[in-house]
Amino acid sequence: MGALTLSQVTKSFGKTDVIKGVDLNVDEGEFCVFVGPSGCGKSTLLRMIAGLEDVTSGEVALDGVRINDLPPARREIAMVFQSYALYPHLSVRDNMGLALKQAGVAKAEIAQATDRAGAMLALDALMERRPAELSGGQRQRVAIGRAIVRTPKLFLFDEPLSNLDAALRVQTRIEIARLHRDLGATMIYVTHDQVEAMTLADKIVVLRAGRVEQVGRPMDLYNDPDNTFVAGFIGSPQMNFLNAGRLGLSSDKLGIRPEHLGLDHGASAGTDRIPGRVSHVEKLGGETLVYVNTQDHGLLTVRMFGEHDFAVDGAVTLRIDPARGFHFDAEGRRIR
Amino acid sequence: MAQRKQIRWHIAVFLAPAVLVYTAIMIVPLFGTLNLSLFNLEQGNRVFVGMRNFATLFGDPRWSEAFWNALGNNTWFFVVHMLVQNPIGVMLAALLSSPRLRGAAFYRTAIFIPTILSFVIVGFVWKLILSPIWGIAPGMLDAVGLKSLFAPWLGKEEYALTTLALISVWQFVGIPMMLIYAAMLSIPDEVIEAAEMDGVTGWAQFWKIKLPLILPAIGIISILTFVGNFNAFDLIYVTQGALAGPDFSTDILGTFLYRTFFGFQLQIGDPHMGATIATAMFGIILLGVCFYLFAIQRRLRRYQF
Amino acid sequence: QDVTLTIESWRNDDLAIWQEKIIPAFEAANPGIKIVFAPSAPAEYNAVLNSKLDAGSAGDLVTCRPFDASLELFNKGKLADLSDMAAMANFSDVAKSAWQTDDAAKTFCVPMASVIHGFIYNKAAFEQLGLTPPKTEAEFFAVLDKIKEDGTYIPMAMGTNDQWEAATMGYQNIGPNYWHGEEGRKALIAGTQKLTDEPWVAPFRQLAKWKDYLGDGFEAQTYPDSQNLFTLGRAAIYPTGSWEIGVFGPQIGGAFEMGAFPPPVPADGDKCYISDHTDIAMGMNAATKHPEEAKKFLEWVGSSEFATLYANALPGFFSLNSAPVEMQDPLAKEFVSWRETCEPTIRSTYQILSRGTPNLENETWNASANVIKGTETPEDAAKRLQEGLASWYEPQK
Amino acid sequence: MSLARHSAPRSIAAHAVLLAYTLIALFPVFVIVVNSFKNRRAIFADPLALPSAGTFDLIGYKTVLAQGDFLQYFLNSMTVTVASLFFVLLFGAMAAFALSEYRFRGNMLMGLYLALGIMIPIRLGTVAILQLMVASGLVNTLTALILVYTAQGLPLAVFILSEFMRGVSADLKDAGRIDGLSEYRIFFRLVLPLVRPAMATVAVFTMIPIWNDLWFPLILAPSEATKTITLGSQVFIGQFVTNWNAVLAALGLAIVPVLVLYLIFSRQLIRGITAGAVK
Amino acid sequence: MGALTLSQVTKSFGKTDVIKGVDLNVDEGEFCVFVGPSGCGKSTLLRMIAGLEDVTSGEVALDGVRINDLPPARREIAMVFQSYALYPHLSVRDNMGLALKQAGVAKAEIAQATDRAGAMLALDALMERRPAELSGGQRQRVAIGRAIVRTPKLFLFDEPLSNLDAALRVQTRIEIARLHRDLGATMIYVTHDQVEAMTLADKIVVLRAGRVEQVGRPMDLYNDPDNTFVAGFIGSPQMNFLNAGRLGLSSDKLGIRPEHLGLDHGASAGTDRIPGRVSHVEKLGGETLVYVNTQDHGLLTVRMFGEHDFAVDGAVTLRIDPARGFHFDAEGRRIR
């Protein structure tokens, strides 16, 4: 129940090709996260899966059955819209309960389900308000609530937590994970948040301009990216790409994550050492990011645990651990 | 919208042109006319009579019977519109606004054409069609074996008013249709999509999502129908004449007023009693509109998209 | 500098005649005066005219409805007093009565035309069925029965949808024979007869019998429907007035010939009465800027030259001018010939009796239609009319 | 929009209903058109028959073209209608904006005041209006008609437009204010474009009674030079006989310009005009 | 130019009090970040500053002048709406250029300004599209673009980056910082993102249910929170609150950030050691979060740099560095 297959799916809006042939398998019960730059087609792909957007070519199959032409209402899919799309005339409770009511569920049961969702999303006090009287984050939570009160085969979440504060976000994330576990439903989740992607996903799909760049388990993508795009996209701050030639390496680029660069005060020299000057320092509390200007490799980011003081413009030396580096060719493909 | 304490001239600027033209050319003449209801001619002189004309209208059985008859007919005329015209209009609009409907523009235009026709033509063609003599309606009923159902509807007291109301519905259904259609267009696609995802489709979607969202437009349509019907005149005048036959069974306030105010045939126009009727009509309509404005419109929720 | 005079009229139908015949004739004889004939929609005429006169934008010359509609305008000072116009001498008192004050002291419109009621029939149909025009009521119904029996034709073309047919072409058409024309009419005005008296109920009784001879669904039949039924040859008899003569000729287009007979008398040997109704006149807007020229024109309207021109251009609208008019149209001649044998009268409700509320004329329409349809008995109808009249008309109280 | 959301039975049903109603709507129109091409005898002999060689007759159209300056009448009608529409829409939308956007004392009363006009037939004010026009020398000018129709159309326009304007996102107008737009600009640049469907609707509602009106042309501007098409067609409606061929031809032709206007306006009935504005 | 003062500002929607008396000073040229839970009134406060929402009571002053009654158009403010509020009938370019056009700026100049903003926000290819044809993130970028093409006294940003991907977010954040530096304009910025708040802010205002909880520089809030609320809100993952009594301390709660907890395999004992069992492990690539169930303190979070393997359910020992702990009383107030 809920295994999704996309085969050579494409989508064009007029002359603009937005999805350019996507093949994808999402197994039953799997938690699949779509990541990719803004505008790469994530929402469009979700909408196609939901049946809200017709497929220009290719096939969408649910449990092996082609559903290209099945109306959305019959696909048993719940979706959280990026733009919320709440029913403006219904209270929070009714927004969440409408699908159940439509399915003919008993009143008491609906009340129970919506109450549970409301409590979970800290909306209890707002159940009788209408969307216009809610804050941005509250609206987003209603949208989530609306999806999760149902028990569909497939959940589609389009950036469901983007407007929530950190605490609520962690909490809701955990709830979604629990929901996934409890219901065993398949979930497809779009996010820009690295933490969400890494912690929730069974499988991450990296999209870029309507194409799948790489699919894999979170740590596989982190530790074994196929190309500079994926390497740069997974992990924040972004991976540093060093000029491999200048380091005497045969590859074109050497990718090293900010957390894998060492940083020492003062200038020093050596093959795996790069001198530079501190450009600026960002203290995030639990960690510190130091941006270092180097002559050969431009601006490099170093990420360090805890608080550290580096004077801006002070001379520093970067230490490279080549073992933790990734080699890429001129086209950006990984050399393994 | 923030409330600002300074004088907001722009409000005046926005209102001024409309208020000026409207006051000068409508309100002043109209109220000048309604004012006549307080006067009457006595020995060829216009004298102030206070509420006496109203006493005549409601107290003299000859006047009051005609008035109540017209009001009753008018109410029925309105009821038919509310029960037939508006539901059909809403239904057509709902169908037309379904996305990707082929030929929607054609249907929309076709259904709207009767609204464009002048009353003269409408009266002519329906009289022709319904005429027992020239055979269109009887012939068509005959073709489906229902000839026995045929009656000279426009000539029978018990049918004439309803028939006319239905003709009027036929002519004007384009109005609610278009207004509701415009309202439906403003419902964001995404809300409808969300409903589709929730399994709310077809009729349920109409009832639970679209209808509540276009309720203000339906309110407007109802009040326009109300006002329009209580001011209606032309269709009946064209088809049944100013005497609104048979036997005044199609007499509505508009024809009653016209006959009285402007006169008819040997009956000389009586601006004073005419204005009295007009004032009474105005009172009735105003009551309805106020009821709508203060009791309904305020309760209707509007949604910003 | 030419003076242009504008004529207000409800006679849309006559536009061509005025433009092509009458105006050129006048303008040729009166250089310096230009005439514009500006008819408005007949149904709206009274309302439009009143509004224009009130606001001061009406034309110089005004076509006058008979009796109260024009009298009212005169009383309000909208129409000029024309009593001392020379042309007035060309008209009989009866002809002028429709446009005079009640005491006949002042006349404010120059009479133009009257119309005569009667029955037009389809000669071909009569020949085919071997019928001759009836003279008495009994013959009339015998003829109708025959036509009905035969079934080829609808015996009589009349509908009640528009109501006025029933009153004008029914009640007022056959009525004078019962109430003896002017005698009854004057008695009613004087209050010595009541509408519930036999002479006034009898015509209703006759109307009540007409129902069976009318076409299917006559309740919804309109006046144009009736006209068409007759002109298309589907109805044999058409109760009507002389104004149809000019209209029917071209419509029938020679398909059959028309004949006419006056309203049948109740019994053989009774004196016959016809409704020879004064219908059109012309007055002068009291506010005209060119009273001289307007009067000049009105004098001409009162002349026999105009009478001949008009009566021949509009067969069926008979001149009220005392000077005899030679007419070409045979049917028109037939109608006008009844003036010789029968006593003329005008419609009973037109003078004085329709001044109050309820309006006797309108009520008569309604009652006549009801009686024909059978929704009201003749007696009830008469009673209702009498009550209505008595409610405001002193002599009848 | 999605193919998947386009269920065949549902759309067949929709088409069936629409088609059925279209037939009802068009049947009388068909009768009108067919008969305008027949001679009078043929109209009443068999009103439903298509014109045949024997009955085909352009007499109606010929009469119309022969009588009066119909082209001029059309032009007059068009001028009056378009000019009145322009003012009704402009003034009406402005007033509607004031009523829907700002809370001020008397807002509700002003709304009611502006709505009074739809409750009394303006015909009753005829004499006063005519006097006004006589006094200002506007009798027999199209200006008089335009003024009257503008006043007549305003109440309805205000009524409908203010309802629709209430639906325009407040955030959007606020964004305009933040961008430094004056209230006038907000009205013209933001609100007006977004209520286009409503404007079109109002335009259509306003235009029809104006186009078909007989009364005011008859009273205010009956001169040959200012006659409207509806008034022009009246010459065929006589006291005792109506030239139906000509009336059908004239009034049938008269719907063509309104139909064109209708088509122009109905193209403004666009879906999703506010899509993408707010979350 | 651009110093903002709020004095005892309140706001009620009908009977709901949303802002309950806020006093705040934002200096000229300062970058002030509002953080707080969803629904605490951040957007409302921004809208009041902008003049879009009237002030129920209190005073808003710009450069010392009371502006409560000044219309928004005259306040010289640019704002990014949380809901974007794009002009749906205008192209991306016109959306961004409208304010300039209104100000009478020359066409060429407008084109230049919008082009620059478009390029900066990677919208170049979309300049002629309408909002309806954009993805969520693209719309958000248009909203940002619309604000930054102008040079107002005061910028108001309401969660401007919530729908952007990590790379774009970093980039835009840097652009906003540069804009702030270059223009010297005052900026008020609402965000839920810890990194944004810490890196951008001169001053962070922590709001809670319509009240200001604490105002301060980012690292001050991190290192010196006034109460459990601020301590818990600043820093992600959230601070652990330990049961102080069980540790033999006099305070009610001991707050320790996840990055300041040590974690060892196996059970061991000691005063500053807490035994527990691994509940679950989140590997984020550059760091690892371990959730440990303890008997006395419930679930505690440990944040470690790099990748670490801990078996779920394995016995572990937590090391506390009391020097890095924060003491709170029973009301949650900090004991210093």
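As written, the chain order gives the labels A, B, C, D and E, with residue 1 at the start of each chain.
Everything that follows uses one rule, which is that a contact is a pair of C-beta atoms (placed from the backbone, for glycine too) under 8 Å apart; a residue touches a chain by one contact, two chains touch by 3 or more.
Keep in mind it's a predicted model, so treat the numbers as computed, not measured.
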Chain-contact steps, minimal, separating subunit E from subunit C: 2
Set of chains adjacent to subunit A and to subunit D: B, E
Leader among chain pairs (count of C-beta contacts): B-D
Averaged-CA centre spacing for the pair subunit C and subunit B, given as whole angstrom: 37
Between subunit B and subunit A, distance of the C-alpha-averaged centres to the nearest whole Å: 57
Computed distance of Cα centres, subunit C from subunit A, in Å: 92
Of all residues in subunit C, the ones touching two or more other chains: 228
Multi-chain contact residues (two or more partners), subunit A: 51-52, 71-72, 83, 136
Residues within subunit D bordering two or more other chains: 1, 5, 44, 126-127, 169, 171, 182, 237, 244, 272-275, 277-279
Parts of subunit C lying in touch with subunit B, wherever the complex brings them together: 43, 46-47, 50, 67-69, 72, 75, 159-164, 215-222, 225, 228-229, 349-350, 354-355, 357-362, 365-366, 369-370, 373, 375, 388, 391
Residues of subunit D touching subunit B in the complex: 1, 5-6, 10-11, 14-15, 17-19, 21-22, 24-29, 31-32, 35, 44, 46-48, 87, 90-92, 94-95, 97-99, 101-104, 108, 110-129, 132, 147-148, 150-152, 154-156, 158-160, 163-164, 166-171, 173, 182-184, 187, 197-198, 200-201, 204-205, 208, 211-212, 230, 233, 237, 244, 247-248, 251-252, 254-255, 258-259, 262-263, 266, 269-275, 277-278
Subunit D to subunit A touching residues, read off their complex: 1-5, 7, 279
Subunit A-touching residues of subunit E, taken from the complex the two chains share: 13, 35-39, 41-44, 82-83, 122, 126, 133-138, 140-141, 158-159, 162-170, 192-195, 198-199, 218-219, 222-223, 232-238, 257-259, 282-287, 303, 305-307
Residues of subunit D touching subunit C in the complex: 40-41, 44-45, 126-127, 130-131, 133-134, 139, 214-215, 218-219, 222, 234-242, 244
